[in-house]
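Chains: A, B and C, in written order; residue numbering restarts at 1 for each.
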Amino acid sequence: MQGISNKIKIIFFLIVIAVIAFLPTVTSQYFSVFLYQLFIYMILAISYDILGGYTGYMNLGHSCFFGIGGYTFAILANKNLGLLVSMVGGMGAAACFGLAISYPFFRLRGAYFALANLGLIILLGLLAHNLKPLTGGADGLFIPIPYALSAVYYSSLLLCLLTILLSYRIGKSRFGLALVSIRADEDVANAFGINPYWYKLAALILGAIPASLAGGIFAWALTYINPDSLLGIEIALVPVTMAMLGGTGFVAGPILGSLFISVVQELVWTKLPYLHLAIYGAILILIGLYMPGGLIRTKAFQRTLSRLGLTERLYWYSPKQISGL
Amino acid sequence: MGFLQIVTSGLLLGGVYALAAFGLSICWGVLNILNIAHGEFLMLGALAAYGVYALLGINPFFIVLAIIPIFLAFSFLFEKLLIRPIRGRTETEILVASILVTLGGALLIEDVTAFLWGKSFTGIPYSMISLQVGGVVIPLIRLLILAFILALTWVIHFYLKRSYTGKAIQAITQNREGARIVGINIIRISMITFIIGTSLAAIAGVFYVVLYSMTPYMGLSLTVKYMCIVVLGGLGSLFGSFAGGLILGITESIIGYYVGSDWSPTVAFFALVLILLLRPQGLFGRK
Amino acid sequence: MVLLEGKDIVKAFGGLTALSNVDFIVQEGEILGLIGPNGAGKTTLFNVITGVYPPTSGTVHFKGKEISSMRPDTISHKGISRTYQLVRTFQGLTVLENTLVGRFFGRRGQTTSDAESMEEVFGLLEFLDIEAKANHLVENLTMADRKKVEIARALATHPKLLLLDEVMAGLNPTELERMIEIIREINKRGITLILIEHQMRAIMNLSQRILVLHHGEKIAEGTPHEVANDPAVIQAYLGD
């Protein structure tokens, strides 16, 4: 019982994308802004989950890549290197950063790893404040590249789709199998020929790339950035909340989580100007206590997903069907 | 400001750090959970001290006495509501759940506090006379705090070595399975350890606010700092956390003066990276 | 040909010496039994061989090359694989996926298509009578079946040397007979085996030679018959 056939699923997916691509021409500018911010959050949530979900290493500092990508983009743009070069520069800087921190930080496990990386956000925020000649300090930087809503919208949509594809392909690959075996039992995975450091590093960098590009796009869209806009605690923890709420370890989880929270944010935030962090905190507590697997692993969702043929057990499935399953 | 002054003020800061880091270390050792909300207890301790001082104007040591009952109750509730329910799960599940719950708790506490009290509150301007020691001016209050912390350290040391609970804490930290086999009630000891650990953080908070100003959002960066200290001193070494705290305090003070106060919060962080690269088991830890 | 050689192996953990001056050789193609009372250091020896930790002193040579300080993944690539006394299958993964990990990563240069790998792995599962559970999560399996998954996973790495740690513990007589058959068949396919066991009849039956450890020291070595009649061995098992 595989549910709906693959052809129909792909056609459905393409229709949805076409609709989303068409939307800016018929809806308000406000809605388009809401959407591209949703895409950016989704990119962050999914890219966080590449390391966090598949290997279990919860990098609470994932948005470091977002911040570095954005700041590098801004710095290079101010040197008149143009849109594309600045974006690529942001990506390169983030990848180098990931490589640099991986060596000491992958010696930590579990909560220490999580917290140390959160500390990186705080550190980068401090550096952004202190290194005035480079980053403009608390005053921030202006981006001299003109902003066009449609360009931002379509580039963030494209990046989002690519990120979804990336996470999906990883999940189905041998590489992904190595990652989840690290999550299950890192020492035993090691005993079966997997060098955990390389795989974790690869997952980290693969997650860093979309995040850094998203940072560049976001900086471009904001036109003016400062430490809070790219390296604040909220930007750091909201994608993690989204991934955990939706369900970690499977690409549908962060997608769902980011949709859910973005919508809730939109409806509730205007009525409640304070206590945003507190609400995220409460959500995290509730997930931790009652739903650590996230929404996609609740009974209701599991039933819907299996009817659509979208269960997690897509990865490695024996074609020889025997009794029992 | 002379070098000696910098070092003594660093020592004092270090003492406060050591106290809080030690609290985190015993919680980690016994519960096997890193409490991301640990820094919040320090912040709340500071806040409570500020409030009590505003109301009663008494000296910090009495403030400590006054707020202890509140914090015992608060820690008890925190443990019961948030930590206890996730104990029974498998190891990977506990890890994820504990990060979620303690991080969520930290955010909740920070934001609600900021909402209720406003964005920042300054330090307690509690002053006594200043002493002149060898050409250096040291406010008496600082010496007294340092003395208090040292005395408290001594009491803790005694407690760990002599009392049943203290020995149980050490046993569990060193060998969890062994402790269980010997019949130690890990759940009860965990509860007590958690309360002690977080209360130490709260006490540290009282002293912190006498010396420096606080904001409700400091909690997370403080927890990161204490985590750095615990790793620096060596996971599993209770003494190491203490020593690490002192070292960090002094280093921060020195860097703060010679390089700039904007840079002193970064010290803990660079120390962490350095230790991880050079000696991952920490200064005093076992491999 | 000598496949594996351990010379003067010492392993100490702080003040505790788990292995002292253990010498052994394993001939290619044989089944070596490793026995001894609980706590004798048998699993520690497995851990040293597979690189979980290096020996405090002494060396391990595999096919003539020293492997004493190599990492577990390198040792797996060289052709040594194992199972665990306390079963450590990958939770959250199916039987098939567990075995595929061994297949994909256990040895270098084994690139085959996904379909071929699945085919081969499925064959292994059939060999171990667990093919019906291929798509089941390992958490839902019995202990006996999970041990088989471990064996399948290890076999999937195409090892030259397979270390089995108490695979027969807790099996009923029928399962035991089947396991003995399986082990013989594995050996027939050219894989050298070292077995840690407490099931005396089985191990005496299967092994060409036996090594006996006690308190971390080798106290006897020889054919099953020699070892069974060795007074030191009898003393170790009865006297403790």
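Please note the rule applied: contacts are C-beta pairs under 8 Å (C-beta built on N, C-alpha and C of every residue); 3 or more make two chains touch, one makes a residue touch a chain.
As the structure is a prediction and not an experimental result, all values here were calculated from the model.
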| Among all chain pairs, the one with the most C-beta contacts | A-B
| said: Using C-alpha centres only, name the chain that sits farthest from chain C. | reply: B
| remark: Distance between the CA centroids of chain B and chain C (whole Å) is 47
| field | Inter-centroid spacing, chain C versus chain A (mean Cα positions, whole Å) | value | 42
| query | chain A to chain B: how many Å between their CA centres? | reply | 33
| query | What are the residues of chain C that contact at least two other chains? | reply | 91
| request: Pull out every residue in chain A that's touching 2 or more other chains. | output: 183-184
| Out of chain B, which residues touch more than one other chain, so two or more? | 92
| task | Quick one: which bits of chain A touch chain C in the complex? Just the residue numbers, please. | result | 174, 177-178, 180-181, 183-185, 187-195, 313, 315-320, 322-325
| said: Using the touch definition from the top, list the residues of chain A that touch chain B in their complex. | reply: 56, 58, 60, 101, 103-105, 107-108, 110-112, 114-116, 118-120, 122-123, 126-127, 129-130, 183-184, 233, 237, 244, 248, 274-278, 280-289, 292
| chain B to chain A touching residues, read off their complex | 33-34, 36, 82, 85-86, 92-93, 95-101, 103-112, 115, 217, 220-221, 223-225, 227-228, 231, 235, 260, 262-263, 265-266, 268-269, 272-273, 276-277, 280
| said: Touching residues of chain C toward chain A in the complex: what are they? | reply: 50-52, 71-73, 76-77, 81-82, 84, 88, 90-94, 96-97, 100-102, 104-108, 118, 122, 131-136, 153, 157
